[in-house]
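Structures are listed in the sections that come next.
First chain A sits with chain B, and in the next complex the same chain sits with chain C.
Showing the complex of A and B:
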């Protein structure tokens, strides 16, 4: 019965089928993590310009109070996740490996830690631009992992038109269940968020894309769609990387986003379900993005959980709350196993873009010997953006970056499907990431020179 | 008969094309300065680009046109440069030899790793994964991208995974400067002997936990140096090489040996204070 269903379900072409391992946390309710004594809020948690700091050392801040304002359009506001005192503003280790200027706040132990300015926000009579500014100052970024500022995607460029809003509830990364739990527990907020986004975009219809490994979420959201809204829940075949914006558009609407173009060029805007729930929550009672749901999972953690964690909480506190790491834990990643970033320091803070904390043991982390390419072209069959990873890999090995440009390496979404299927264990996506970083650096230098 | 026709046709065609080529060769002849070929032959044919031109041939053209001076070629030997200068009847030009210098000394004997990096064994890949796992964010990752990229075999990794530049072989082509993801290399005149071998922007003794030879920004070298030879900027000493820096005074009281004297014969000279740092025995990073 189910196999018959999955054949008729929508999906995109190519892609891979990794095991989903979501059973560890699928049925666990979202719990709140106790506040840590000291929180580190990096001023750069998003793509774009770092926020401009508004507080000084020694300032008292309230939970939810703005501590940094956006420095430009592609930038967001940052807020204090706890009531307390600004202890320092200094360079701190960031999960990306860089040193980033961060605001360090010590918790006030006697504060009840409630949001200081609770009020429902008026939105029905505001113009789209005013709403976009509210979302920007509310500090919203895509909670799926890339942390791209939400409001930038909502600003429709001149001459373009957003007809459809796609809510991304795919969560195609194995192990992660944070979006799944949010969809189950905060469906009212999601629909309020969708209403607001539809008003901003002037879109005619919304779709909620959910993979069929979350039947309870599909059923619940289908049942709860308000009767006055024009939208539907689209059940999708479980496949990786369906949660990538362009793959999701192809799966839901059968539209292909051309190379170098954005979803808005095919009249679509995609937003993560967690982001939309957060926006709904902000307009319901005023709280900006100061905490998020994170899945702490993997074979290397004693008690897997879905936790509501204040932004800036040190990773060690989260791991301790979950019973600590097991003896044979080898690697801790931010994000899922396919695209997540391994951490070299357990003191880094949880960011707005941290969708999961995955702890892997010796059994999962294996180092495989690399063999020559045997031209089986499994990577070509897996690549969701129709590149030729086999050829690109050969070029990357000889450091022919210009040649890679001709093979469209810049269209690579770094999903890792090619490395996953390669029988010769060639580290393809790793090489592409290096090449892309170098090419971007080169382009930036060329732009600087010409300017 | 058929054979005769075909031979005649092909022969005629050959003659016609040959005439056209002869005419074209005479009419479209480009007069090129014969000295360019000679000068190009005198150049080292490394095509390294250190002179700022795409290769040796364009540089030779520029030399003959008077656009640049032979001193710009850092790969040639001193005699080679003089030879070209005499041939063209020009000055040798700025002949101060330049070399690549590494601003890090944190090998595996003194610097600690926070995590073990196991991915693709190149510095550039490692630096993309959470900075590479070294405790010091700014420090050398030791995966030898510079050794691989150097066309002149001037860089070798020592037993503690720190690249060592052979100043005689180094041609200052700048490939290592470009490839290092931590930007630790820079091209310096060979006479700059006083050297800050650290890029750590943190201050205080806490950094010694991660690397025993890091700069703690104690500013003793600034105090000891004559005049304002050394100033502290971003928690690092900055040496003003335009002043007379032929003095070993600033390195003497450095507690960690982050500021050193690079002697042509004796190698790296550290201050008295830093000599008591206990360095672990030779230990190579496992290359799994």
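Showing the complex of A and C:
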């Protein structure tokens, strides 16, 4: 009976069903991580231009105070996550593997660490552009992992129309539960955030997309929708990668974003539920994005948890707080197992885009023997954008990048479903990423030449 | 917290489903075992010798070729075992063993290894082996041993141990297979006998029931593309049914067509060779239908009583072209004649 019901739930075509492993942290309340002695805030933790630093070494900063301003439209503000002193501004290890200019703040041990400027923000009387600017200076990025500046998607281009707001509460990555907990514990902030975004966009209706492995969140948000708001919670079949914008739009509205276009081209804006809760909080009492909820989980960590962590907290402090890594831990990821970024060095800070820290052990991390492609169809059946990964993989192997272009490699969303299902353990998406980067480089060069 | 070891670095995804190619291949072997067992039951130890020789020669050839090429042996992926089993099942049970052995060598060497091994073969290797034997030994490959003879478990057919390059001597030779009986004498066998495998023919041309069972198992485990057998059997049924309606005297009934000869084994286990068949569901359906039509055409108007082998080989040759013509519509691109 139940399986019959789940079949009638909305979803997108294709995709995969990895085990969700969310039981480790699903029912754990969000706990606050104590402030670390020293925090590292990279000036670039989002897509776009790095923020422009406003402080100098030796400056005293208050918790929530702006320390870097947006350097252009596709850029955001950064804030001090603790009250303390700027110790240094220097190049530091970044979870992406690069060295990035970062502001290092030492905590003032005598400060109570209360938020310095608590006040409700009047938003009803502000114009959409003023609200967008507030969100930009509030430092908001997509908290789902991609860290794309939130306000950029809120600025509807000339001639386009945003009719629908989709709140992304899908959290389709296995293991992660941070969005789930935020939806359960901060539903009032989410609805306040939605109100503000609807005003900015001028949208007529909102949808909250949640997979049916979070029935408590579906029930709670459905019950709590304010009666004056036009929106609904859409229960979705649990499937990866439903949290990808294009897939979520297809699942909720049965609309396809044309190749090379954006959600706004089908009158939709998608924002992550955690981001929206953060925006709600900012307008409720003035706090910009200085902390976020992170799921620390996996078989390799002693005490899995959902923690509210100040941005810039050292990873090592987080792991220590969770009882440390187990003896046989082999891999530490920022993000989930399907798209997360592995860390070679634990001396990195938590970023705005860090949705989870996943610790995998020798048991999960094994070198898989590669077989030839037997054209078994599994990748074709899994690909959410209906590519032929088998063919693309063969073309990548012979470095026929032009051929890959013809097979639409640029439409690949890099979700990794093909590599996940491949019985021959061929690194398909891994090869596509490299091929796409090479093709982009080639195109950039061609543009430069013709210019 | 400090770590005194190297953490693993690789790009995502960091988990895999866990079904492996060798596991798929092993399951195909399991699905084939009841078929092989029944053919030993029906034809006796001669059939057992043929099947074992076919498997041994295929696996041995693959192993030695890998060794000669200074590569790690690939026999552990089980694909050579499948080729051997399938190849053995296409042969008459009293086929001389030295011919079986050379056919196995040809199947792997010319059908598979020369193209680059597993994943690169253009044709189903087992059928390549059989096609060469059909051309080389046209008499031996159409001389049938009777099914269910009383002494099948105690005596071996005199032709089995024919000395290489000598003329095989046959002590007992059965009548025609149901297909040749129909083709040349217009005698139609009972459908029930055909389905249960109580007729003469190649080792694996017998129990359609067990073959279907193996196929259903593989489809259930999602290890076989069901579009191919469905399209192939469907097109045979429809086309021969149409012909039978026009002239029942001349054209065999669709049920007879479905259950006779190598059609079941071909449709379920040979045309579905994943490497040599199209990858999209639509492409696979087209491919299956083309093979089905060819089977009826060869059986009805060709010089041979049976046409499954050539039909599948022709289908294999078409497969890459079908794949380049029929591609999945990419998300966000226009449907044919419409908007995205």
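The definition used in the following text is that the second predicted complex is superposed on the first by the 446 of 451 C-alpha atoms of A that agree within 3 Å, B and C clash if a C-alpha of one lies under 4 Å from a C-alpha of the other, contacts with A are read in each partner's own complex, and residues count from 1 in each chain.
The working rule: a residue touches a chain if its C-beta (ideal position, glycine included) is under 8 Å from a C-beta of that chain, and two chains touch if they have at least 3 such contacts.
All of these numbers come straight from a predicted model, not from anything done at the bench.
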item	value
Which superposed partner A:371 touches (first chain B, second chain C, both, neither)	second
Contacts of A:50 with chain B and chain C, given as first, second, both or neither	neither
First, second, both or neither for A:99, with chain B first and chain C second	first
Chain B versus chain C as contact partner of A:343, first or second or both or neither	both
Touched partner set for A:241, first chain B, second chain C, both or neither	neither
Contacts of A:258 with chain B and chain C, given as first, second, both or neither	second
Which superposed partner A:430 touches (first chain B, second chain C, both, neither)	both
Broader residue contact with chain A after superposition on the shared chain, chain B or chain C	C
Partner chain(s) touched by A:304 [first = chain B, second = chain C, both, neither]	neither
Touching both chain B and chain C, residues of chain A	341-344, 365, 427, 430, 433
Touching residues (chain side chain B, partner chain A) in the complex	114-115, 117-120, 122, 124-125, 127-133, 137, 201-202, 288
Contact footprint of chain A on chain C as seen in their complex	1, 3, 6-17, 19-24, 77, 116-120, 222-223, 225, 274-275, 277, 279-280, 323, 327-333, 340
Chain A - residues contacting chain B, complex	91, 93, 95-99, 341-345, 365, 367, 427, 430-431, 433-434, 437-438
Contact set on chain A toward chain C in their complex	16, 18, 174, 246, 250, 256-261, 316, 319-320, 324-325, 329-333, 335, 337-344, 346, 358, 360, 364-365, 368-369, 371-378, 380, 384-388, 390-391, 407-408, 411, 416, 419-425, 427, 429-430, 433
